[in-house]
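Order as written gives the chain letters A, B, C and D; numbering starts at 1 within each chain.
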Amino acid sequence: MRDKVKAAVIVEPGKVETRYFPYRKLEEGAMLMKMEMSGICGTDKHSYKGENHLYAGTQREQFTPYPLIPGHENVGIVAEITEEARQRLEFYGQELKEGDRVVMCCDVMCGNCYECRNTFGFTWCNNFKTYGVNISCEDPPHLFGGWAEYMYITPDVFVYKIPDDMSPEVAVLTEPMACTYSLDKAKGFSAMPSEGFCSGDTVLIQGVGPIGLCHLIKAQILGAGEVIAIDRSEFRLNMAKEFGADHLINAAETTSEERLAIVKDLTYGRGPDVVVDCVGLPEVFIEGLEMLSNGGVFIEEGAFVETGTAQVSPHRHLLAKNARLLGMVNHAFTGYYPSMKLMQKYGKYFPFEKIVTHRYKIEDAEAALLKSMELDSMKVVITP
Amino acid sequence: MRDKVKAAVIVEPGKVETRYFPYRKLEEGAMLMKMEMSGICGTDKHSYKGENHLYAGTQREQFTPYPLIPGHENVGIVAEITEEARQRLEFYGQELKEGDRVVMCCDVMCGNCYECRNTFGFTWCNNFKTYGVNISCEDPPHLFGGWAEYMYITPDVFVYKIPDDMSPEVAVLTEPMACTYSLDKAKGFSAMPSEGFCSGDTVLIQGVGPIGLCHLIKAQILGAGEVIAIDRSEFRLNMAKEFGADHLINAAETTSEERLAIVKDLTYGRGPDVVVDCVGLPEVFIEGLEMLSNGGVFIEEGAFVETGTAQVSPHRHLLAKNARLLGMVNHAFTGYYPSMKLMQKYGKYFPFEKIVTHRYKIEDAEAALLKSMELDSMKVVITP
Amino acid sequence: MRDKVKAAVIVEPGKVETRYFPYRKLEEGAMLMKMEMSGICGTDKHSYKGENHLYAGTQREQFTPYPLIPGHENVGIVAEITEEARQRLEFYGQELKEGDRVVMCCDVMCGNCYECRNTFGFTWCNNFKTYGVNISCEDPPHLFGGWAEYMYITPDVFVYKIPDDMSPEVAVLTEPMACTYSLDKAKGFSAMPSEGFCSGDTVLIQGVGPIGLCHLIKAQILGAGEVIAIDRSEFRLNMAKEFGADHLINAAETTSEERLAIVKDLTYGRGPDVVVDCVGLPEVFIEGLEMLSNGGVFIEEGAFVETGTAQVSPHRHLLAKNARLLGMVNHAFTGYYPSMKLMQKYGKYFPFEKIVTHRYKIEDAEAALLKSMELDSMKVVITP
Amino acid sequence: MRDKVKAAVIVEPGKVETRYFPYRKLEEGAMLMKMEMSGICGTDKHSYKGENHLYAGTQREQFTPYPLIPGHENVGIVAEITEEARQRLEFYGQELKEGDRVVMCCDVMCGNCYECRNTFGFTWCNNFKTYGVNISCEDPPHLFGGWAEYMYITPDVFVYKIPDDMSPEVAVLTEPMACTYSLDKAKGFSAMPSEGFCSGDTVLIQGVGPIGLCHLIKAQILGAGEVIAIDRSEFRLNMAKEFGADHLINAAETTSEERLAIVKDLTYGRGPDVVVDCVGLPEVFIEGLEMLSNGGVFIEEGAFVETGTAQVSPHRHLLAKNARLLGMVNHAFTGYYPSMKLMQKYGKYFPFEKIVTHRYKIEDAEAALLKSMELDSMKVVITP
């Protein structure tokens, strides 16, 4: 059964193939996970398009390695597990056995560098590896991405048990929901009224694709007041509305000046208290900075790869308005369980499973990628 | 005696004159302050040079009004005081009488706008006035700046009693020291190691003129580890050293690439945990962002007027390194007493009075301004 | 019409009468508010029962003055307003006119003491007055409480406009919802996992009367995971369930040991991350401290008057578990609008209007008080 | 040489003996450390006196195991090291070799429990071990405490390289200085004036033995204003003065009422903004709570073992003054390097080496313990 494991592979930018990999015996501490579902994220699109300059300007700067099995938002079932892994792989120390359903944390850290020893759970590790992103499938055991029948879970990975009643459509959102940690962070600024993200604050989301939608929901779980969504897609704006957005602005039908005027009008001339950029393009970034209120928080969540530069005025965009800017790359492995708990608790208000709008088989991975780039999709997933 | 009050006036950009103003009877609640000393700040230089576009992009955007008596870092003596002012003007409610020495808070807020009611002590007031900065001396009672024999203190100003043993040279630094509040703010990020400004962190100050030097001192009062100072002036770097800088970099003798390499080397390849930009020019801003460590805090404290734009990459400068950027305009009126307390307590370690390097008379205000722009001066002051 | 204003008066502990007061002409800056609704709060019950030792151990320590018109959770309509008050009374500077519906902030501060000048919006003022709590109706203009036909609003009060579509049943909860600010505060601890109030954390509320219920709701608006409610009243526990509680514990049917065991079991042996004491009795306080997890936050919100002492072990209850304890008296005047915004935004999830379970006329104020102390009531209100 | 390693052993409460242990070959990953110096801490005194009930009320509750080699504040030299340990034991990944001087982190965590995976560096581990505190010397390799010629460093310990110019007298303070992390934590409250530990705040230390003195110093490194020290020992108060205390109160010569009055007087009736209890007795705890200002922070740092209960009023001590109480047990392993950096940087202001007042040989460990309990000692150390 498993000597020919099927997987989708980006062999080079713009080229996706279905390939078969030999099954390899597990080393002690490892586990084999049968895939239930794997999400498509912006990073996968970047890998496909060859926008592969990651972590520019840091000690872990790198380029995407090809060939690559994509997929880092992964839900699966324990298919085979070694003795040591039963006690060690699960994040909170729960015992694992065959048949357990789990989400895995795609980021694997070395544990020994300065960042690992000091920053706990943030993937600033100088030697980090991310399943589906920067581990090539060239070398055995090959299965380092979720767009496959099976994944090979090395002994240094963390997995998280899924509640019995949680569908794969919800579980697959654990990772993107963990990415909204920046909003939790912004809460830390809120001791003084009008600074940071306070209860009742107006939150604006630039770009309500999957990551933007997760932030839109999370903002409401954390006590936002009015929520404004901007996007070029009517489909996505409608979903934003269904998930609680109070105001929608279609970027395809407005100029930047018009958007600034609309937002000013919606906020009594003050601008939103929190702006989250989930697009990552320079012009969107600068528009967000322009909109931000005095003492507001701007969260940069979209520019996961190098996308160019914007003309920032230290006076106008930063000093004059006492702005706080937070860059947010990745998330802590401690964020997975809280994200699951939130989706369980607030599922009655937010129909998370509707976020998955399209499902594709491994063989159709390229079609899936293309669909995920169209404006009438939200989260697109791969199922074996 | 006071019917001809002498003052230095910037009548238009580039032109300073000595003028005389009539003394006006005090309205109830007001006070007349005999000047002991008034500092020259970057804002005064901007007024002189005609760089007068303030608070760009905010609801309180404005242009410097001329003619103007400069001077907002003011120390003086209660010369005449109305009954009501005795009980009300002093910030902590201490009774005032003739002869008391005080520092005044230059910023006066309306108390009724959204910002005043929500942000407490931050000068985001939509109708704010700042002595020496945006109140012309055209209209009576004229005396709205510190480069004069007397100042007219309106009933909505706060003043702060000076400890008996505090010299005017130290008291005059109360306002600039209050500007270092951004570093207190940065402490709020520090719950997680490697994020924010933690004990023992490396702090880099870009530009060690008076404001930069105050930040350099404050960083040490708040538990910085190694401190790095960058400036074009050997004179200022030497003062930085005297005030505790561990490493000095002369920007006139190095290229940006060289400075980046030096700083990287001093910080084990990680960059400083905190960077404070006290210069405010676009190229300095971008250099600071490049230097910053993962999870580091960048404080923009220099660009008090519009000085142009820098090419910022949302990926490289913000997201990839989880940077936190804080813009810091002005300070709270609650910051004056704490600043005085710090200067009293830590005066045994930091010889604050040496920061005042040059004294000029009102008649020599233009020479004072020119001196303050030279590289062999630190804080230049005007005494009557 | 208004020369005989009817009001309920606590003339001495245990004795409530209906009295009539003369209408007094408004001083400049003042306003007359026609009452729509006034809530009964624990403080009113304390006033009635003669438990009147307030703010023990502080500079503003005091005793309730009788006779007193109770009522500090007040909703009404602008009946008559002076010129100056039109521009000044509304918190955000919106113009007021006859017929506007408003909530008023019961706390009035002097503005001049150390606390007022430093703590912004917290009612630590050494000279503070609270409508319905510590201003006797003995002296003119008498109308200083909400259980009346009209209230006299002095020029130093803040009022807040109510959205058109907000019922008095919701608006009357603005003040108690503002009291949940402690949970916002607890968010400030949350930068490190397992410290403070993080997304997905388990929150336990001791006592789900009106204040407890508000905290239970607010905890969910701020991203709590599982929520546990403890109370002696089945009626109140059922309401807690309707408002989202995941687990209910009836304190009348369990011993303290049993409750500790149940809570331990519900939390994998770790205890709740956040405990909010809305009862205020020593035995409840100590039970909460026992339950709290490592690094947990305990919020004391119930002991508004002196209620006795508990045996606290500095080792066991504080140090050994790195506990954080927050005392929370009162709330900031900045909390009123955010509370309204939250109730508007999250009203679709939480049917706030159901919290008001009983309505009484002014003449029936004593019956109302007695009802509010019974276990089958939630918020009891007085309407003229 | 090392087949007879000498060590001081508490064989049972009140009984100290010198014993010899066999030297055991190192397992892979381990290291042998030749002791330079080991401090005596309150915990050692508790072990000696049989006050051995630790972490009461938590999942890691336990009792001190005897026989025990005490000593968890340890400085030494790498005597023998295995290959793997060279790359792994040093906290920041620096390579280790024979002859390197290091401080070791006494706390060893399991890495797999809920606390380890969520709380990073805090010793809440359910299976934790602390050298010198809860690892008996009964079983091989025996050498689990610092009052010995050598210590056996297991592969799961962290060690920290010491700067070349740092004397053992300073290095030995790394651990106690790391315990002052609570003050860093308190900085996180300081966004709003009058809450938390702000610049210029008055800090009161109850008990200026070694831990109290470290807090007194750290408070000044973090920007305290006036500092008040209370102790029964004139010797210790004099050292507090030398290290910057502004006011001294001898608890042996004053009643509690007198101390409350003195402190009130020193703080304009408001009480200290921060109180740190480094004594841990119930009566001291309650006195500290009484003294605390509105919105102040009380840090419990002294009650490391169960010492009895105090009568706490939820109203008076917590709610009425919006108090914040922080329990602080232990410290993060991330705190060692920052502590060293602070001692290097601020050694010119604070003569850390003077804190070590007495030195004893291993054979004289009991005399050392007795001396450490006398009022004329500060830090007492054991040298081989």
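Rule of thumb we're sticking to: a contact is a pair of C-beta atoms (placed from the backbone, for glycine too) under 8 Å apart; a residue touches a chain by one contact, two chains touch by 3 or more.
Please read all numbers here as calculations on a predicted model, not as lab measurements.
J.: Taking all residue numbers at the chain A to chain C contact, is the shared part over half or under half, that is, same or different?
T.: same
J.: Hey, which pair has more contacts between C-betas, C-D or B-C?
T.: C-D
J.: Calculate how many whole Å lie between the centre of chain B and the centre of chain C, each centre taken as the average of the chain's C-alpha atoms.
T.: The separation of the two C-alpha centroids amounts to 41 Å.
J.: In chain B, what residues contact two or more other chains?
T.: 114, 118, 120-121, 188-189, 191-193, 195, 334
J.: Which residues of chain D touch chain A in the complex?
T.: 87-88, 91-93, 112-114, 117-118, 120-121, 158, 189, 191-192, 195, 334
J.: For chain A, which residues count as touching chain C in their complex?
T.: 121, 184-185, 187-188, 190-191, 193, 198-201, 218, 220-226, 246, 332, 334, 337-342, 344-345, 349
J.: Taking the complex as given, what residues does chain D use to touch chain C?
T.: 54-59, 114-115, 118-120, 122, 124, 188-189, 191-195, 268-270, 277, 280, 282, 285, 290, 294-295, 300-329
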